[in-house]
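This is the structure I have questions about; it appears just below.
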Amino acid sequence: MVFVLKPDATKEQIGNFILELEAEGFSTILSTGTEHTVVCLIGNTAKVDVDHIVQTNDIVEYGKRVTEPYKAVNRIVHPDNTVVSVGNVNIGEGYFTVIAGPCSVESREQILKIAESVQESGADILRGGVFKPRTSPYSFQGLQAEGLEMLLAAKQATGLPIITEIMNQTQIPLLEEVDIFQIGARNMQNFDLLKEVGKCKKPVLLKRGLANTIEELLMSAEYIMSEGNDQVILCERGIRTFEVMTRNTLDLSAIPLLKKKSHLPVIVDPSHAAGIRALVAPLSKAAMAVGADGLMIETHNNPSKALCDGAQSLDLKQFQELMVDLKRRAAFEGKKLSQHDLH
Amino acid sequence: MVFVLKPDATKEQIGNFILELEAEGFSTILSTGTEHTVVCLIGNTAKVDVDHIVQTNDIVEYGKRVTEPYKAVNRIVHPDNTVVSVGNVNIGEGYFTVIAGPCSVESREQILKIAESVQESGADILRGGVFKPRTSPYSFQGLQAEGLEMLLAAKQATGLPIITEIMNQTQIPLLEEVDIFQIGARNMQNFDLLKEVGKCKKPVLLKRGLANTIEELLMSAEYIMSEGNDQVILCERGIRTFEVMTRNTLDLSAIPLLKKKSHLPVIVDPSHAAGIRALVAPLSKAAMAVGADGLMIETHNNPSKALCDGAQSLDLKQFQELMVDLKRRAAFEGKKLSQHDLH
Amino acid sequence: MVFVLKPDATKEQIGNFILELEAEGFSTILSTGTEHTVVCLIGNTAKVDVDHIVQTNDIVEYGKRVTEPYKAVNRIVHPDNTVVSVGNVNIGEGYFTVIAGPCSVESREQILKIAESVQESGADILRGGVFKPRTSPYSFQGLQAEGLEMLLAAKQATGLPIITEIMNQTQIPLLEEVDIFQIGARNMQNFDLLKEVGKCKKPVLLKRGLANTIEELLMSAEYIMSEGNDQVILCERGIRTFEVMTRNTLDLSAIPLLKKKSHLPVIVDPSHAAGIRALVAPLSKAAMAVGADGLMIETHNNPSKALCDGAQSLDLKQFQELMVDLKRRAAFEGKKLSQHDLH
Amino acid sequence: MVFVLKPDATKEQIGNFILELEAEGFSTILSTGTEHTVVCLIGNTAKVDVDHIVQTNDIVEYGKRVTEPYKAVNRIVHPDNTVVSVGNVNIGEGYFTVIAGPCSVESREQILKIAESVQESGADILRGGVFKPRTSPYSFQGLQAEGLEMLLAAKQATGLPIITEIMNQTQIPLLEEVDIFQIGARNMQNFDLLKEVGKCKKPVLLKRGLANTIEELLMSAEYIMSEGNDQVILCERGIRTFEVMTRNTLDLSAIPLLKKKSHLPVIVDPSHAAGIRALVAPLSKAAMAVGADGLMIETHNNPSKALCDGAQSLDLKQFQELMVDLKRRAAFEGKKLSQHDLH
């Protein structure tokens, strides 16, 4: 249940209103927009009389029963687009943010070389896996703590914010200097992990699971937000279908639906979705046209020798060419690409 | 198995070469490109010695074993893009063709009004269902022969080529004045129907089945081409997945893959894929950006009263607005939209 | 909408009641059970007042609005199990019917040898494909008319009823002596074909499509029944999922659901579902335990040389061993296996 | 790569052989069967000459290159069925083990009442959720530590071994007195959790993920075994498909495949798969017939008031009736049901 408050409601009035609701056993989420403050009521509201509350509280403009199971991520609660900020980089409204880097950090030289190159091409954020979720226990599991140091060195050298995957809650302290936590597709419903990153103040990029619906993705984002962290980025990366020519089926319909249902920024990962290098460019263009807020693209200095996912990685030149095209397209769409060179 | 012939091979030489191959029990498909003539060998070629044939036939530049199970639709056999022509309208290379119209022809006034409006907005081809495949025998099955007359009247009034669905081979004579046969998703593997339309000289738009792979779509196109009809348009219209928020999941990755594997034009049907009006515009933009050759869009003068699929139909004004945007985008992509006003 | 009539309603009364309903623009389906006669009203019944009809018609015991979109196939309309009869063989209530034979009829000797062997092992019905729906136009398409003659010869020699696939409506006269029409998975929503076989008096075995829901299967059966043919057998044969180790995923949950929703007999095809010979026996046992009315099993005299689907065919000895086990199990379940030797 | 050793190989010889292999950079898994000892080589064995090793090591009977990516779970490495033991209960070879209990522990009285009832009906192991993975953060999350105490009290009162879900690795110490860790479907590829339970000596029941292949399930079991824990039970619980009438599609084909590929016991959870009470009994019978080693069934004293998953829970009487039927069936199959009353 959602209450939109009048523009002139004072902080004290709002506080009293919330206390009253919580006294009846509900939790509340407060959302302060540019024009309105919205109070969202959590709990079993079946017996609550919306009209009664509106009529007996002067500061309430109107109340509405929300049928969707997600509250904090719901655009009804928060009509403005959320903009997630990391350092000087903004993700959301007006920006088209490109995250680039290798599947795995492999060496100090490798990650530094890639970081400098993708920065020059216009990427805003550097990705690099150090803890790798692999189907087989015998596959390369990432360079782990050692890889993290290399990634942090690349951050320091270039000034690029970094994103890396967190695989369990005990890694939170270790990843303190990382700018964005990535929750992988296989952990989208690892609810304990969602709760713990929800208690952090760091942005979280949440990937859609291979067999998860759009509503389940929003519910997992709700887990993070309900713990207090409102810096969530949604990521579509392909779902599992019967089609065998691609690794997964990229569900681009999800982008306008997520943007409609929620205020959170949405980015697309064409590399993992397709698993084929030649599809990265066309799917990137389609993702921009369909309304995504950005891309996450696997980029490697030598894809044929990559320790993982080489077949879907662009080399540095291919990435640069794609970025040239995307800049032209971003201008056409009225969006800004590449924020880091503005500072 | 494919043989690329030398540019200076004479018709007589080519004819002799083919006769020789067919004498050994193979069928052949001859493809005359702008630069090269290609001869494609059909049948069990396991025991054929490619090198021997190349060495012993002067007119053969090189021979190649094709592993894909499709031959005639294969880009290796026919490197140039196929352009399908109906009247003055071209589908393929350089054009972005929009097919528009209602799910069902409902009355003479309705189809004429829609035809005139979509023509004015820039659509090149008019769609209108007269035989409707419906899940329930108790649902509206289309106006049938009566509807066909109305559709033909709209064709005559506007000059727009028309496309309608053929549901079984006995309808071929009845649909003689229709410009393009549409094979629906549920009939994609109705092999007997494919063979019969393959014997016609009329273009065929072949929709991907709800659970069919990209390779199976190409194999069904091969059925049509192997009977002698090379005017085939492929159509991606969404596949069935576990996602429930959309009617189907539009697989835009299929577009660049189909364009790479085959020379046939590929169009996208965002209306049936999504089943939601609000998704038609963003998915149309994405389809253009990903490389499709056109769109098929359900358009109705009064969607809320449509006899079928109203929830996914654009009204005439929404269609016009989309076309304005698509023209701007086609210019950006270097493609031509709306061919009919050139004549 | 369904009306259950009183046991003492006379034929004349029933006839008058039906005429009255049809006079208001509805179609009706009459179902005469062992205890009650049920009249099912087809059409848009939204404005019909059920209670009014019950109160004003003495012969009506009660009326009920049916929400499911299928009427004639609905168990509410026809509470008793339908038993489909072909010659001396019954499919349904109390019987567990095994259909066996090769994917394709390959020669007179082959089909006769297989027919005699499966008959001796206890199969009740002989299957044999003569028109084969194949993904590729270059694959073996069946022996067609010639194969049909061979199949009929095997029928005559053994007395076994025969089933074969019909691929389009023009084949109906040709298949006159066939005992059961098989509608393949790819034609489950070939609605024109369903209507035409619905006009015949011959039993129809309707296979579930690869991407079709249980409700859609029932709706396709409704197409057949709504044309007057109530001899329909449903067949679960696996659906398409992301799993790659089996050809399809056999959905055994569908059996008890179909038995609950409908009165039609349900059989299982484990051969096509799994595509692996070693799975045929365990899935056959599971199908019996879950409540199926029978099985359709691919059986071949020499699977390694079969012209199609050899990898999933049992050889004649494996089939015999399976039947020995199934007889023991049928006795345990209180069902009768192998009816042909009773006559 | 797998080496089967001669029966008379001494421990010292085996130790030396292993040291030799490990000196060349490989890991090894030693499996001591009733007749043979098998040494499994882990790592990139592409350059290893199998024949050379067989010829130069007297104790090696034969060597074989294993193409499957799983080693320790592979039946080739361990031809005998693994029997997992908890207290007096055996899961695997010759037994059909039923795990029963509520979705969630709700109170001391509830869990005790259910425990006593299912024990009397013949269940061998008590299930009860205390940490509940729920799609929504606002749904009941389980009684957590308090619920665990109640579950342990029920264990003490009845002597039944207990199983409960572990949601993250920090819960391992808390769950010390639990007899079997359950890894839920959503955590099947939570690789860090798999590794940590792999370091424990407690049996692990690993549920197949909603979109995971049979091979991926085996790879996740491999994660557990590769850390030293060989007490793994596999559990099929339905996969996500387009079918909407059931919660998930139970893939019973997976059972014979898992039994063929692996030596681990396999049980089936019909409650979560179907999500419909009426399907639990038929699917349980099918699971036994197809070769499963047991069942996990949700049972509740008052399903209509259950805090979660009431619609799929059997009440205590329904469970008892099912067990009576299953005992009769187990006898028919030559298996033992209900072990706890034998001791």
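Going in written order, the chains are labelled A, B, C and D, and every chain counts its residues from 1.
The definition used in the following text is that a contact is a pair of C-beta atoms (placed from the backbone, for glycine too) under 8 Å apart; a residue touches a chain by one contact, two chains touch by 3 or more.
Bear in mind that the values here come from a model prediction, so they are computed numbers and not experimental data.
Shared contacts of subunit A and subunit B, meaning chains that touch the two of them, come down to C, D. Contact with subunit C and subunit D alike is made by A, B. Here the CA centre of subunit A is 50 Å from the CA centre of subunit C.
Centroid to centroid, with C-alpha atoms defining each point, subunit B and subunit C lie 35 Å apart. For subunit B, residues touching at least two other chains, in rising order: 211, 239-242, 244.
Those residues of subunit C lying in contact with subunit D across their complex are 211, 213-215, 239, 241-246, 249-257, 260, 273-274, 278-279, 282-283, 285-291, 329, 332. Chain contact summary for the complex, subunit B toward subunit D: residues 240-242, 244.
Chain contact summary for the complex, subunit B toward subunit C: residues 42-43, 69-71, 133-138, 167-170, 186-187, 189-193, 195, 209-211, 216, 219, 222-223, 226, 239-240.
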